[in-house]
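Structures follow.
Common to both upcoming complexes is chain A, partnered first by chain B, then by chain C.
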Partner chain A sequence: MPQAIKRYSCVTGRSATVDGEAFPVAAEAGDGDEGKFLAALYRALKADYPKFFKMDALSKLGFLASELILRDEAPRFVPREDIAVVCFNRSASLATDVQHQAAIQREDSCYPSPSVFVYTLPNIVAGEIAIRNKLLGETSFYVCREWSAQQVFRMVSHTFCDGCTRAVLAAWVECFEGTCEAFMMLVEQQDGLSGLPFSVEQVDILYQNTKLKLWKS
Partner chain B sequence: MEELILQLKQEIIKVLNLEDVKPEDIADDAPLFGEGLGLDSIDALELIVLMEKMYGIKLQDPAQGREIFKSIRVMAEYIHANRSK
Partner chain C sequence: MIAWAGDSIISSLGFTTEECYRSVASGQSGIRLYSSFMGLPEPQMASLIDRERLADSFAADSFAAVNPCSGGYTALEKAAILSVGSAAAAAQVDLSDPDVLFVFSSTKGNVHLLDEGERQAGRDHIYLWYVARLIAEHFKNPNEPVAVSNACISGACAQLVAMRELESGQYGCAVVVGVEMLSKFIVSGFQSLKALSPEPCRPFDAARAGLNLGEAAATIVYRRVDSEDEVSSGIALQQGAIRNDANHISGPSRTGEGSFRALQALLRGVAPGDVAFINAHGTATAYNDDMEATAITRAGLQATPVNSLKGYFGHTLGAAGVLESIISARALANGTALATHGFKRGEKEPPVNVTDKNTHTEKAYCIKMLSGFGGCNAALLFKYVKEKSNTCRKP
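Take a look at the complex of A and B:
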């Protein structure tokens, strides 16, 4: 059955887009501070999910990218076993791992934070999105050497092979050493689909173009 | 006691990342879990760490938290009676 990219989104520490169009966030939001920008984007989305503020930056990026895509989907928050969440990145959860390491570094003052520790696994991102949206399908997270449209295409295609999955939220979510970006697609499988064709070339074009657009903004 | 209650509210807001919550929004006797602030199990662990780090209180049995974290006032009274710093 043919697959198509129904919607796609991109979030960085200073801008957000849906289907290539900028999502409006107050111009002064963040003033260059990535954390403040993500909080401003959360408020602009009116997501009403206070747990957002407890997430690490990686999960916030994934969460916001999914909200941009799913906010207009109806019905929402209905349990779905046929929607999978498949994520990829390069640095796993290293940003949070470093934070946790700093907290346990000193023997005389070792107070690890449980709420930091729970995010020392990258697949928590997929879990957060699945919990929020009651998505009961496959959740997985692949750590890659670098962005690869081919790898994304291959793993998403494999996910459809289980006979149950009808849609995949696929995301590249990277947050470490100055990089803060999430690129997400909703890929659907059904006859008579509208949307962009799901192919290696299309995935790479969307990712590269969106990055270029955000870099220029 | 009132000073300790206020300090506790400020610390809880900071440690638990309770964005948009101000100390005056937390009633002294309101339940911290379930209703009220709606905290979860990870928050409970965070409160146990806070008790040790800020007040030198080490809970021997995490199950004690169920009674101690009933409300801000109960928590403050327990800290007042058991603190070592």
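Take a look at the complex of A and C:
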């Protein structure tokens, strides 16, 4: 059965788009501060999900990208085993790893925080999205040298090998050393094609174009 | 069909699969009490790879010596390379062949390099994709490896990736390597979660008090074959599934939701009565083992023997799925359901059929279960294809 990209979204530390269109967040939001921008975007989305504030930056990015895509889907929050969440990035959870390391660096003051430590796994972002939306399907995380439309296409296609999978939320979500970006697609398996064809070329065009637009904004 | 072509384990119990399996079958555990441990104030129960033996074996290994990395290898990389080299030799596969894909599984890789005192190796070694490439390049493999980091189910995910790549016809052979080494980073984190037991762990036992951590490098080589005849007297990876609890990022679901659904997906391919045993995740934390017992019962497998290997190797995190699949596959081929080290029958017994001794089985299938943070759960189904001709090898 053919697969199509139903919707896609992008979030950085200073802007957000859904299906290529800017999602409005108060103009002064963030003032260049990525954390403040993500909080402003969360409020603009009216998600009403206080757990958001407990998440690390990687999970916040992925969560917001998924809200942009799923906010208009109906019905929401009904258990679904046929939707998978598959994420990719370059630096795994290194941004949070560095925080945990700082807490244990000195032998005379080794006080790791369990709430930081649980985020020292990159796949937690997929788990957060699954919890929020009651997705019981496959959740996976792959680490790649760089953005690769080919790798994303291959792994997402493979996820449909599971006879149960009908849709995949697929995301590149990277947060480390100055980079803060999430690019997410909702890929659906469907008979009559609506949406963009799911192909390596299309995935790469969407990612590159969205990035370009965000840089210009 | 995906056939098992070779394997290898490096762990606290030995540097070959044979050595490790014999130790397990005779009831030995690799878990010890370490009085001084990686700069942590308290003594720790753990299952560690002998670092001296690792360095010596690496220096003496012909595969290892061929293509040394300019900046030197970390202990984790050495263990992975040694393990891949001997699995490839057992499988008689040329790893430089473009038909071979590497799939790498680790949760934390070289995370110890974040420590200020450990900065001698190049900074790139902290990236999981870099370590995956380093290992593949060591064997002159031309393909971009897949690096899986899906918490403690990574080793099962990596096998599922291999299965899907082989079934799609993309590659003819896949090398799945799982590796995890312990560091202050990992141990202090589990300590902060209060998940560690001060005693040797006791999976599924009523008196269990938490997990022990462990180190391992383990490799399985899989090959695509056209029919079951080609797997004769060997193991086939039949099916796999990953499901999420959608419940909590660090606590298992009380209903075993994801685990149950992963098992249910496998049961489309096998009847419960044909399963020789289930090798559970069985970390020996209170919540994990209860959750698995619930999932197994819900799936209708409560009469099937269930074991855990954590009492022999500790919890080897990203290596666990590969390591425990190898031991389970070998046990299946030997017609044995292995004992659960640390589990004792008592007044309050779990609702599932946990093994307390090695028992004989004639059944052809076994199931490997895993669960991890992020609510993820995996299950794999292996089949032992009995001898028809003598073209294939036992795991």
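In this text, the second predicted complex is superposed on the first by the 217 of 217 C-alpha atoms of A that agree within 3 Å, B and C clash if a C-alpha of one lies under 4 Å from a C-alpha of the other, contacts with A are read in each partner's own complex, and residues count from 1 in each chain.
We adopt the following convention: contacts are C-beta pairs under 8 Å (C-beta built on N, C-alpha and C of every residue); 3 or more make two chains touch, one makes a residue touch a chain.
Treat the numbers as computed from the prediction; the structure is a model and nothing was measured.
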Superposed partners chain B and chain C on chain A - clash or fit: fit
Chain A as apex of chain B and chain C, Cα-centre angle in degrees (nearest 10): 80
Which of chain B and chain C A:Pro197 touches, first, second, both or neither: neither
If touched residues of chain A are counted for chain B and for chain C, the larger one: C
First, second, both or neither for A:Ala39, with chain B first and chain C second: first
Contacts of A:Ser113 with chain B and chain C, given as first, second, both or neither: both
Contacts of A:Pro50 with chain B and chain C, given as first, second, both or neither: first
Chain C versus chain B - closest C-alpha approach in the superposed model, Å: 7
Chain B and chain C footprints on chain A, overlapping residues: 112-114, 118
Touching residues on chain A, where the partner in the complex is chain B: 39, 50, 53-54, 111-115, 118
Of all residues in chain C, those that touch chain A in their complex: 39-41, 107-108, 111, 114-116, 126-130, 132-133, 144, 146-151, 157, 161, 164-165, 167-168, 170, 184-185, 188-194, 241-250, 257-258, 261, 265, 268, 372-376
Contacting residues of chain B [partner chain A, same complex]: 15-20, 38, 42-43, 45-46, 49, 52-53
Residue numbers on chain A that touch chain C, as the complex places them: 79, 81, 85, 90-92, 94, 97-98, 100-101, 104-105, 107, 110, 112-114, 117-118, 120-124, 126-128, 130-131, 133-145, 148, 151, 154-155, 157-158, 161-164
